[in-house]
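Note that subunit A is present in both complexes that follow, paired respectively with subunit B and with subunit C.
Let's turn to the complex of A and B:
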C-alpha cells in the first residue's frame, strides 16, 4: 500500500444487540480517488458511513484520517478533524432541520465554528451557485422545496468546510435523473479540483461503474472468518 | 354602474369572511370567554374593589336578585363579586403552578434526554416512583408541610404535575437526537450546546408550551380541590374552592346559589382553556397528539 493521504476504516466491527452488522471490515479511501461501495440492502453500508464519519463508535477496530487514528466519536472528536470528513445522507428530508431555510442550512456549519457573517454570505452564495439553487429557493424552508432541490442544498452544506473526504450514502437514490446527473457532476468536479477522496454508495451499477475509480463489495471488505 | 356591480361582490366577501367554519364557533366562544375572564380578573381590583374580610350579617343567604346577581352567602357576602376574585386566584395558581411544573419537568426531561444513559435511567425511575403515588395525596402532603397560603398551593400543584412534562421532553429529545439532521450538525462541527439550542430546543418548545396550556385547567381544579378540603387558602380569602366549600353548608338550608356561581365559573373557564388548547393541539402533527395521550 502506498502512503498517500487516506481515510481508513481498519478492521471495524459493529453490532446492534446480538446482531453483528459489520464484521471486521477494512476500507480505505485515498485522496483523489472515488471508491464505489456495493452490497445488498441491510448489509451495513450506512453503518460503515456513520463509522467513517466519526458518528458511530465501532465495537472493535478504528478509523484513521491520513494515518492518524481518531479516538472517540461525535462531540468528542475535535471540530477540525470532524469537518474533514463530510457526509451526504440518503434522505435530504431527514438530514435537513425543517426549521431552517436552505440558506441557513448551508450556513449553519460555518456559524457553528464562528465564521464571520460576511465570509459566510460569500461562501453560501458561491456554493448555491455551484449546486444550482436559485435565489428564490434559498429563502425557502425544506417543506417548500422538492427532494432534489433539498439534496442540492445538503450537498452545498456538505462541501461548506471544503472536506478532504466526502461520503455519499445513496445520496442520489431519491432524485430524478437530471438532478442525479447534476449532483454527481458537482461531486466529481469537487473531487478533481480539491483532490478529495469520495466514497459512493449506490444501487445503480451503471452509475457506479462510470463514476468510481474502483468498486468494492462490502462482503469483500469483511474479514473471512471461520 | 361599476359601483353597483361591485357592491354585491363586496357584501359577499364580508359575509364569507364572517362565516365560521364548522367547529370555529366553539373556538371563538372559548376565546371570548377566556379574554373576558383574564381581563376581568386583571381589572377587578381597579373597577370593583372587594374587602375580603367584610361581612354583611343583615343580608345573609339572600337569593339572586338585581342587587346580588348570584345571591349572597351565609355571611352576607356577594357571591358574584367574590367569584370574580376567586377566579383571579384560581387563574394565578393555575398559570404559575403549570409554569413551575413545566420548568421542573423541562429541566428533568431535558437532562435525561440530552445525557441519556445512566443519568436518564436514574431520573426516569425517580419519575416513575413519584408517578406511582396518587398525586392529590402527594399534593395534600406538600401543603400540610407548609402553611396554607398561595405559595403552598402553587408548590403543591406544581411539584406534583411535572412528571408528564418530563416524560414528553425526554422522549422528544431522545428521538430528535438520533435524527440525521443532528448527525449532520455534529458532522458540520456543531458542539453539544449549539445542537441543543439550535436544533433540539426549537422543536421541543412548542410542544412544551402546549403541555403547559393543557395543564392550566388541571391545576385550577387542583387548587379548587385543595381549598375545598380546607387545605388551600385561608378561609376568608375568596377562592373558587373556598367558596364551594362554604356553599355546601348553605346548600342544606336551601341556599343553592352560594356554590353555583363559583362552580359554574370553574367549569366555563377551564372548558374554554381546554377547547383552545385542543384546537392548538390539532394543528400540531399527529405524532404529538399520540405523545400527549389525547
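Let's turn to the complex of A and C:
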C-alpha cells in the first residue's frame, strides 16, 4: 500500500436532491503529475472538483490527502489540510471579491492565518512577478482589469499557500491564446518545481492532450473500483 | 481534429464577386479620461463583403469590443470617433455610421441593418421580462410573426420551453443563446457578434459557429469578435488580427493560419496548444501610453531601430501588414 503521495477521491457518490451526479467515482492525482479530466457538459466534472477541494461533502466515499482520510468540509477541516488543495475556477469575475485590490485578493488567504505583514508583502510580490502582474495592476480592483489579468491574480491567490494539489476547472476557457499559454506555463512550472499534483478540466481536447501527462474520462473514473 | 476542420471550403473568387457591405476607413476612437487620453482604435481600415464572415482576434484589451460599439454608436459620452464607416445596402442609400447621428442609428440601423450579440448577456437582458416577451417584442417591431420565436430559439439551440423563463432563471450559456436569438430576430444584413460563444460548451460553441456560417452562406455578413482562434479558423473567411488598437494584419483565414506575415500574428498563433503553446513574451502596452513607433516592437523578435521611432504602415484588407519587417515565407529575399 506504499505509494507516492496522492490526492484521492475514493468511490465517491454525490447527488443533488434525487439527481445522482457522481456515482462511485474514483480518481487519483499523484504529486508531480498533471491529470486531465474530460467528459461531456453536466457529467459532474465541476462537482468532482468541489469534492476534491473539500468544498462539498460526498454522500458516499471519501477524499484522502496523502493517505489521510478527510472527514467534513470547509472549516470543519484543519487549516493545515485544507490549504493543501487549491482551486482555480472558470470565472475569475465570480470568484474574486470585487472590493479587494489584486494585492489584497492575493494576500487574503495569508492574512486569514495571521501571517506577519512583511512576509505577506514579500510573498505577494514574488507571486505577482511569477504570474506577470505589473505593479500598476496590483493596486487595481477587479472591475479595472481584464479577465486575463484577473485570472492571473486568482492563480497567484491559489498558489499563495504553496498547495500540494491544484485543481483547474476550465480555468483558461475565457482567456486569449497568449494568456492561456502563459497561465498553463506558470502552472506547469509550479507543478514541476514544487512537485505538485495538478488536475486540469477543459473541453478543449487539444489543450488537454498538450497539457496533461495522462487524460481520464469521467465515465472511466466511475466504478473502476467495484 | 474536428475543431480545426473547416465547415465549408471557401470558394475561390467568391469574395471577388460580392459587393462590399461595410467599408471602414481611417476609423479612430479615443476616450477622454481624467488626466489622459486612451486610444482604443487607431487608423483602422476594413472591408466586409456580403456573405463574408470576418473574425477579429487579439488579446483582451486590444480594442476589439470598442470597434463593435463604435460601429453601432454605442460608445459612452467621453469617446471621440473619427474617420468613416460606410454601410451599403442594395435598396437604400449608403450611410456613414460615424457621422449619421444617433437618431438615424436608432431608427434605421441599430438592430435592423446591423445587429449586435453583446458580450455579457446577463447585463443585456431586461430582468423583469421573460425571454419569450423580449423575443416577441423584437419580432413584432420588425413585422415578423411571434410564432417565429420558437424557430429562432431552436436555431440558436435553445429549448422553446426555456423562453418562458426570466433571465435570472437561465444559465450563462442559455442567456447567451437568447441574446443571439434576439439579435437575429430582425434578420440584419450585418451581424456583429462579440464573443458569442462565452459560457457555452464545445457542442454549443460549434452549433453557434455553424449558425453564423450558415447566415453568411445565405448572403448576410458577420463580424465575429473572439479570443478563440480555433473558432476563427473553423468558420471565418477572413481574419483581422488586432493589437494595441490597430489591425496589424487582415487576410484570408487560410493564408493567415498557414503563413502569418505580421510577427504578432505569428506569435499569437504560436501560443495555441496545437502549435508551440508558447505565450507571446511580455505584456501588451497600455492604451493610454502607446509608443511613437510600432506598439509591438518591445515584444518583437524582428525589431530594429526604425520600429521604435517610425509608426508601421497601415494594414489593408488582403494586402499590407502593419510592420516594418513582415515575415516573408518561401521568398528568396
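As a convention for this text, the second predicted complex is superposed on the first by the 221 of 226 C-alpha atoms of A that agree within 3 Å, B and C clash if a C-alpha of one lies under 4 Å from a C-alpha of the other, contacts with A are read in each partner's own complex, and residues count from 1 in each chain.
Convention: a residue touches a chain if its C-beta (ideal position, glycine included) is under 8 Å from a C-beta of that chain, and two chains touch if they have at least 3 such contacts.
Model, not experiment: these values are computed from the prediction.
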item: Three-chain arrangement built on subunit A, subunit B and subunit C clash or fit; value: fit
item: Touching partner for A:148 - first (subunit B), second (subunit C), both, neither; value: second
item: Touched partner set for A:112, first subunit B, second subunit C, both or neither; value: first
item: Partner chain(s) touched by A:97 [first = subunit B, second = subunit C, both, neither]; value: first
item: First (subunit B), second (subunit C), both or neither touched by A:210; value: second
item: Touched partner set for A:89, first subunit B, second subunit C, both or neither; value: first
item: Contacts of A:41 with subunit B and subunit C, given as first, second, both or neither; value: second
item: Which of subunit B and subunit C A:176 touches, first, second, both or neither; value: second
item: Contacts of A:59 with subunit B and subunit C, given as first, second, both or neither; value: neither
item: After fitting on chain A: smallest Cα gap, subunit B-subunit C, Å; value: 8
item: Contact residues common to both interfaces of subunit A (with subunit B and with subunit C); value: none
item: Parts of subunit B lying in touch with subunit A, wherever the complex brings them together; value: 179-181, 183-192, 194, 198-199, 202-203
item: In the complex with subunit C, residue positions of subunit A that touch it; value: 40-41, 132, 134, 146-148, 174-182, 184-185, 203-207, 210-211
item: Contact footprint of subunit B on subunit A as seen in their complex; value: 50, 53-55, 74-75, 79, 82-83, 85-87, 89, 91, 94-97, 99, 108-109, 112-113, 154, 157, 160-161
item: Residues of subunit C touching subunit A in the complex; value: 1, 3, 58-61, 198, 201-203, 227, 229-230, 267-269, 271-274, 277-280, 283
